[in-house]
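In what comes next, chain A is part of two complexes: it sits with chain B in the first one and with chain C in the second one.
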Partner chain A sequence: MLPIFADLDPHTIWNAPSGSIELVIKCMVALLLGAAFVGICFAIPSQLRRFIIFTATFVSGGFYILFYYFPAPIARQPLDQPRNVLEGFSFWLTDAQPIIATISNTIGSFLIGLGIYSLMRVHLRKLMKKQKDWGYSLVLFVSMLLMVTFGYWDYFDRFGKDGAAMAAGPAGGAWHFQQYANDILFDGFFQQMEAGMFSMVAFYILSAAYRAFRARSIEATILLATALVVMLSVMGAVVYQWDEGIKALAHNDPGSFLNNFKLDVIAAWLKDAVQTPSIRGIDFGVGIGLLAMGLRLWLNLDKTGGAV
Partner chain B sequence: MGDQYRDTGWFGVLFTTFIVFSILYNIARARRGKSLFIRRIAGLNAIDEAVGRATEMGKPVVMVPGLSDTTVNAKSMQAINIFAYVARVAARFATPILVCCYNSGIYAVSQEIIRDVYQEEGLADRYDVDSVRFISDRQFAFAAGVSGLILRERAAAAFFMGEFYAESLILAESANTVGAIQVASSTEITQTPFFIAACDYVLIGDEFYAASAYLTRQPVLVGSLIGQDWGKLTIALTVLLGVIGGTYAIHTQTDTSWDDKNELVIGLPHRAKPADGLLQRLLIPKPEADVKVERPQYSPDEIPKPDKGGGS
Partner chain C sequence: MASRSSIAELGNKLQSLPKPALYLILFLVASLPLIKPIPLPNSPDPASIDFYAHLMELPEGSKILICSDWTNSTRGESMGEMDALLRVLMRRKIKFAVYSIGDGQAPRVARETIARISREEGGGQPLYKPYEDYVVIGFFPNGEGQTAAVNTNVRAAFAGKTDISPTGQREVVQSPVFEGINSLADFKYLINVTASSTNTVILERIKKTNLMFAVSGVMVPENTVYYASGQLKGLLGGIKGVYDMETLMEYGVNNPGPHMVTSAAYGQIPGFPGKANTGKGTAYYPALHVCLSVLILAVITGNVGMFLSRKGR
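Entry: the complex of A and B
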């Protein structure tokens, strides 16, 4: 099959030794070709651009459909050769998948540049014109610069040019300014701020629950009642008192119908007979909806833009 | 039919193929002009109301197409399709919009589609390139950025549609703080309750995928929706069949064996394991057994080896 989709041999045109000038030149050429392709896509008429997008979507979608539908090779060993054409195709699909995924990731990585461009444009203008809240834009630029600088500085200390982690850690195990700075910025600031943001969910749950659990309608009342039962069912002292009451009413008869009204039994019934089937039903709907959406995108049946 | 045929997973493939064909068949049917019915969805009727309110207040409409770790997926595309409709309504009333993107791929696609919407409406001059923004691709940095935008801009309406996770409540509560009308939908079932608690209107489950058909009434979308319903109906019937089959299997399984005198011993009926049920075998294939296949071999020299230059 096509050598481009086989495991890359170190000596083909598609590869070059790590850290070599040849690799740098090949990367630059690939980058220029990519940029030229993007430029051409912008320059050509919209209809032709859509055709290119449709063709790329159809081919890549078709590959993954074949990958999932075509029987995978059974008990394949590293040195195995296919026994016939069908098995050869099956081997090719399996071998090509990681390469296709890499191509997809490479194209995706081009897009991060677009994202950074958007950020820069919005915030640079704010900063230059000293618009309202320009201070936040300044914070963004300073943090971006610091994270990029110290992130890469530390990275190049920790990893060799072959991308392999150095056995003894950065500079033989000793930490220097760049390691401390990166650690403070990433673990000390960034991670803590993310954790802080996440912890706000706890407070928001309280305020949202207060609004949702007000008995304004029949639906809200049902929600309130079920939530109350489920919450009470995990409170040991309440469950004990309630269940003792039920036992007394049932005269300690384990076969009594009243045992069905123990708090944990009601909560389990709510979860198993009401909640789980509802979630399954919604999941089925979402799954089929996703399938239909994917199908329409693959076959270019969707007319985007929300036109009525 | 022997067990070996049941256990290969062919039934799942057949089932998916049936759903695919029912969707395609109904799309063809709708294209031929067949009138198909869609029930009322309150959350979608609220879109015009929300944009109208934003217009009256002169405040922006904030739209968030969710988080997606991959570049662009079907969920985010569906969200952008809905937002394209919202942007179209907003463009007609010259209402400012803000589309906040978590992913640079979604940002690029959103920008293209929203710009097209303004051009199609003949209002290209009203399109502000900064109305579609990339915020961050870190979950809580994104949540902080969008919350900040909602609070600073005092958004009048907020639309949260697509994949949302733990940040859903942060976004919804921020919008609630400024009194924005909120229409939300998450494809993640665990986040739907949060949206129900915090938002004015919520699209649950596949209503999210029905939205573009409901709003635009394009034959392709309406036909696809009916095809989805056929699929759901088939699943419901399968569940019913599973209940009947499972109940029957549980009460009738009997083990037989031969004793020392080679006489047949029939045991008492007992409860079978769920894994022995017919549908369980059809839908959940057994893991591949440890089989070996004899194949011609490459010599080890023919296989590329990883070295400094690459290879895997």
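Entry: the complex of A and C
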């Protein structure tokens, strides 16, 4: 088979040594070709654009279908050679997959750029026209600018030749202004706010459970009782006390029927006999739905989302 | 005897406690155990015992792969799981490689956690050296494809990725962590510390090595299915899983004593008595208790209110 999409070592057209000029040139060329391709896609008629997208989707999906369903070599050793065309194709699929994954990782990374472009477009317009709540847009721009500036400044230091000393933290004495600034922005603000946002869920859960979790019917009562047992079963102190009580009632006899009423035994039964089969059933349903959705996307049968 | 209308009125009142009061109660009871830690008895789950036992069974110098897919939004649970996992790995001199498929922030959060635990375990000096003892490979936006690549050819999947080394940036596959690693099977385990749906991505695609997961509390029911089927060799779930790990690190398994953790599946497995075993599990487990107690009481109050209200009509 062609060496395309196969064998990273020795290096092929798809890669180059890390940090080398060759790699930088290849990245630049790829970027220019990518930009030109996007430009062409904007210029051509929508029917042709649809055809290009369909072809790309079909080929990409087809590769992974072959990768998963075509018989793969078992216990293949690095120096093994294929004995016939079919084995050769199988070897090629296996060798090509990591390269395809790298390409899709690269394309995926561009989605971040797309997100930033979209965000800036919306908020820049709001800011320029001083629309309602333009102050929030200003905060967004200032935050983004600071984070990008100090993030990259810190990144280049850390991945430089003294990066190992910096990784040890401020105690090592290798931190400069940019490291402290980045630390305050990322760990001091951003991460704490994220944790704060998530912790608020507890308050909403309490409020929702109080107002909605009512024994209004037989089904709701069963659900309520089950939830109560499961919640109690993760409270170690309650489990310990309850189970000690059952043990005492059973006179410490491990064969006693009463042992079935230990809280952890009831919870385990609920998990094994009720929860696990239910979730498996749901998973099967979701799996079949995903298969149908995947087929629709792969064969371009999904017409929703407007013209491309 | 109370009239029907007064019973109904009481029922209505119990059903409509003001939200700010509920929030205040939750805030106060959740804060108290953080100020005054409360030691609680614990009986580790079999899934947590499996997780600990498998780590302890690894020969010294083994290598494992960690997929770290959590950030500070779930640090109460995920950071505790990561801390406990790293402590055991460092005490057992097990090298590890970390990568992420769930969140772009995850590698940095993992890197900082590793550096912190390394300093704590080394008594102020880093016990584990970057690049020599561990590598942080980075974030891969295409989780599905990358995970399939990791299973197909782990060296090719991570080729070209670099990490900080004492001599600058170097390719991770050239690091001592990847010495002798030719296939994913050479990593003894792939452990996914996650708070997102990357667990299923890994479960569906990794075939060449054993899997263990450390997940957030809400993900436990879903993952219990895979543990029950034997697809997962061990499972840590939420803050209970963290507390289990801390209990196991302190007392081991089947070691006689007042706090003996028993398991019929294993012989004696040592703990690490005298070391810094307590952490987020010990700190937060009481808070989970009181928060769940408030939740249960609130639900009971609402239901009592509903019954009184109906009775009074």
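We adopt the following convention: the second predicted complex is superposed on the first by the 208 of 308 C-alpha atoms of A that agree within 3 Å, B and C clash if a C-alpha of one lies under 4 Å from a C-alpha of the other, contacts with A are read in each partner's own complex, and residues count from 1 in each chain.
The criterion applied here is as follows: contacts are C-beta pairs under 8 Å (C-beta built on N, C-alpha and C of every residue); 3 or more make two chains touch, one makes a residue touch a chain.
None of the values given here were measured: they were computed from a predicted structure.
Once the two complexes are laid over each other on the shared chain, residue contacts for A:Pro78 go to chain B and to chain C alike. Within the superposed three-chain model, A:Arg50 lies out of touch with both chain B and chain C [touch as defined at top]. Once the two complexes are overlaid on the shared chain, A:Glu194 sits against chain B and chain C alike.
When the two complexes are overlaid on their common chain A, residue A:Asp264 makes contact with chain C while staying clear of chain B. Residue contacts after overlaying the shared chain place A:Met235 against chain C, while chain B stays out of touching range. By the touch criterion defined above, A:His176 lies against neither chain B nor chain C after alignment on the C-alpha atoms of chain A.
Once chain A of one complex is fitted onto chain A of the other, the partner contacts of A:Arg158 are limited to chain C, with no touch recorded for chain B. In the superposition on chain A, A:Phe186 makes contact with chain C only, while chain B stays out of contact range. Note: residues 8-9, 15, 18, 78, 98, 104, 107-108, 111-112, 194, 197-198, 205, 207, 209, 211, 279, 283 of chain A belong to the chain B contact set and to the chain C contact set alike, using the contact criterion stated above. Residues 6-11, 15-18, 69, 74-83, 98, 104, 107-108, 111-116, 118-119, 121-122, 125, 133, 136, 162, 193-194, 197-198, 200-201, 204-205, 207-209, 211-212, 279, 281-286, 288-297, 301-308 of chain A touch chain B in their complex. Touching chain C in their complex are the following residues of chain A: 8-9, 15, 18-19, 64, 67, 78, 94-95, 97-102, 104-105, 107-109, 111-112, 158-161, 163-164, 167-169, 171, 186-187, 191-192, 194-195, 197-199, 202-203, 205-207, 209-211, 213-216, 224, 228, 231-232, 234-240, 243, 264, 271-272, 275-276, 279-280, 283.
Listed in rising order, the residues of chain C touching chain A in the complex are 17, 19, 22-23, 26, 30, 40-43, 71-76, 104-105, 108-109, 111-112, 115, 119, 126, 130-131, 140-142, 145-146, 148-149, 152-153, 156-157, 159-160, 162, 164-169, 171, 182, 217, 221-222, 224-225, 228, 238, 240, 243, 285, 288-289, 291-296, 298-299, 301-303, 306. Of all residues in chain B, those touching chain A in their complex are 13, 16, 19-20, 23-24, 27, 70-71, 74-75, 77-78, 80-88, 101, 103-105, 107-108, 113, 116-117, 120, 129-130, 132-134, 137-141, 143-144, 148, 152, 166, 169-170, 172-173, 176, 187, 189, 192, 194, 196-198, 204-206, 208-210, 212, 215-218, 220-221, 224-225, 227-228, 231-232, 235, 288, 291-293, 295-300, 303-304, 307-312.
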